[in-house]
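Below are two complexes that have chain A in common, paired first with chain B and then with chain C.
On to the complex of A and B.
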């Protein structure tokens, strides 16, 4: 038995290596001084990051992605959280069907979703635009926000709210004073999640983006197809930092703050 | 007053739901119905759309051997990917669910990490590993095993490899969730009744983890069969998948009626799977991994 377990442990380590080694190589090569940006490693250098900063197309793509991600996450977190509250807190006819409808974008292949939305708006003679990109990203991220917020909302107890109401708070006061602060971690999780999904998306984005507009993933994709440029690894490293390091730091700060608050409360 | 509150209670969920229902209705339901209609229109030689009820697109899509072959190839690639993910993903899921190490939280967090790392970065990272000037060729050259770099990239195997790398976390997480939910007393009971460790696993743990395995497999299969980016980055010119046909028809040829018909074929196959799955296992299992 113990022998079997150690094999399982070794296999687990290998699977983790398989998952992370290629990404680690991207980051390693991003700092490589070699003039082709490939193996062998010739020393530490920031030259590829420097050339990223001076590449207008990449800087523009980065700005587009940031704006798109921020707007997507603001919109879909707002409407997704509202839907999650309705799902968790209320009973109403057709709840199951509505729940399935709202998570349908996960179950439909993204390509089909992309085609449907694109063709419909083209039919309405609305040209491809940043707005189309935004609408697509909202539809695509909404079910994820709904699921994440819903899952965390279930664990918030209702009696605190009922206590506030019985003490004379109006439902709206109760929401802003009690429910929202308690929900904040869930809402933040939804925001981060939708930002990351939007920031990383390429499948739908390639269909929806107007000519000349690139997001970071489509920019990387274009660079891969045209020529293997060594800047790609540096851009990849920046992407990883943005979508991994930032959420980790945000979580750490949130934990730290709530720990501080707990401390302050117990001291009082 | 009481009646006011009761009716407010009734209205509240609909007010809360209306923005998302409007969004999904306008941007998903209507567009989906629209492409069904559109697939019966015709793209004429002048590039205009002929409104009407033509079966030409459907005839072309359903009878052309070219489309059928690529559909089979797509399903085959998705199947390989799913099977590999199931076998390779079960082991770490089992380890993380059963380990008593303190690093369990870290291991779990690391399972979430790939979801945050861009799909395109993870896919293209294999070029650094398997490319002619990649890590593996460098290693083999350095060790003197080969004299000139091997061409390992741009074939069906690398497409499957890229997909496995992308989808494995979905499988691991789903299997983990169902393994974590199994009462540990059950395996102990089986062992005290005379099962050896492997028998207890085969008779108790494996069947009980089946819902997670099924949810993970569904996700892997549907996501693998719907991709067109991986074959473009890691595949050769002959490794196109079905979604590549859709992309070609819509973006390159601008033949939207044909593209609609093609995407509906893809939807029929993958949506059919999802429907069968939810019929028997319910959609809840997938939602569980978000907790």
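On to the complex of A and C.
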């Protein structure tokens, strides 16, 4: 048996190596002083990061991505949370159908979704716009928020809300005083999910973005068509740090907050 | 003031879920200051009734009146009720102080008054020093006291308790039972208590409402309901009863014989005969603990002795439960143990006094 386990251990390590080695290579090469990305690295340099900062197209793309991600997560989280409350707490006709409709974007290939939304827009004779791009991102980040918040809400006992209402809180006050604080971790997680998914997305974005607007992924894609510039390695490194650091920071903040509360508790 | 009012009145209240009728034509009053208990097996409609009073469940038909005001359409947050749940339902993210102060925030009470009222409530439930803690730092019994404090601090018109003791372990449950009753007396708040536990119901209530299948089987003082059940269901649900069909064999004198099907004759009282309107066909209800076992025949003018044999014995500590074969059937008997219980196979006499032979009408219900 021990032999079997050690094989599994080796296989696991290999799989992770296979997954993360390319990412590590990109980050390493980002600090390479040489113009041509090859090993061994010849000297440590931040010149590619510096040239990123002075590349207007990239800076513009970065701003677009941040704005798009922030708006997507704000809208998705709001709608997703409200939908989750409706699904878990209320009964209405067509509930099952609406539920599967909201979850569907996860199951449908993104390309299909992208083309469909584009065709729909053409049918309405509307031009591509930032608004459309935003709408697309909301559509396919919504299921993640919905699923995460729904799972949390199911575990919040209904009688806690009933107790609040019996004490004189209106349903709206009950939501903000009781339900929302109790499901806040899930809402935060949903927000983070939708931001990183939007920030990373390329398939849908390529179809939906209006001419002249680039997000970071589409900008990298465009730059790759010409040549593999070391700038891309630097940009890749920034993206990796950004998408990995954000959830980590969020988790750390959440930990800190709950630790504060625990501290307040144990003082008594 | 002066005149005794009803805190809650239900007039012909019906609750239907589609084709299923959960509560059928309920007429009920909860008098001021009184402690009313809904008792019944699960699914009998007692919780549905409580939730209708609370405003958590719509009423299909009929009128619900709280303090002389029809409240059918009044939403729960405007009803001024205190609600206590089986699982406490404290707000886990708020301190005990904030939990209790919650209802006061919506009642335009000044900060200083809130602090004072919360303190009084904590004193009343005998947990004066837990205001800064969170619910998960308290034991189950303590949490239920806080839930009670939170419900009464708003001075509710009616206090509604939905199986509040069921989640507690046995010893704590009895302690809380006494405590709950003390607090209710002290405040004089009209209280509706839902339970499936007959000892809780008998010990605490001013008025007992026994429900089954969405119907009120019987209501009255606990003693009255216990001693004079009006149906076989009530007789059997409260304690253990032997219910045997028979026929009156007398004119309703002070002591009247009842001939059981199968030959044995029991005695009953004029009061019981009048309860069944002198109907010939009756069912005799004899509570298991009202049959006295003895190894001698001690029959008298108003007590019959039936010879029998002990079939099985359950030892319960202070009590023993016997299954006795006598007069061609099995009887359930619960007797205190005098030194040691009768053994299996012992020949004994069952003594049944006339006043302990309760009659029900003979038709099946």
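Following the convention adopted for this analysis, the second predicted complex is superposed on the first by the 259 of 268 C-alpha atoms of A that agree within 3 Å, B and C clash if a C-alpha of one lies under 4 Å from a C-alpha of the other, contacts with A are read in each partner's own complex, and residues count from 1 in each chain.
By our rule, a residue touches a chain if its C-beta (ideal position, glycine included) is under 8 Å from a C-beta of that chain, and two chains touch if they have at least 3 such contacts.
Bear in mind that the values here come from a model prediction, so they are computed numbers and not experimental data.
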item	value
Partner chain in contact with A:179 - chain B first, chain C second, else both or neither	neither
Contact breadth on chain A, by residue count: chain C or chain B	B
Partner chain in contact with A:163 - chain B first, chain C second, else both or neither	second
First (chain B), second (chain C), both or neither touched by A:118	first
First, second, both or neither for A:29, with chain B first and chain C second	first
Touching both chain B and chain C, residues of chain A	171
Residue numbers on chain A that touch chain C, as the complex places them	157, 159-160, 162-171, 173, 177-178, 181-182, 261, 265, 268
Chain A residues within the chain B interface of the complex	1, 4, 8-9, 11-12, 15-16, 18-23, 25-26, 29, 36, 38-40, 78-80, 82-83, 85-86, 89-90, 92, 98, 100-113, 115-123, 135-136, 138-139, 142, 144, 146-148, 151, 171, 196, 199-200, 202-203, 206-207, 216-217, 220-221, 224-225, 228, 232-233, 236, 239-240, 243-244, 247
Residues of chain B defined as touching chain A within the complex	8-10, 12-14, 16-17, 19-21, 23-24, 27-32, 34-35, 38, 88-89, 91-92, 94-96, 107, 110, 113-122, 124-129, 131, 133-135, 138, 165, 168-169, 172, 197-198, 222, 225-229, 232-233, 243, 246-247, 250-251, 256, 259-260, 263-264, 266-267, 270-271, 274, 283, 286-287, 290-291
Complex contact set, residues of chain C against chain A	54, 56, 75-83, 85, 87, 89-93, 102-103, 106-107, 132-134, 137, 147, 150-151, 154
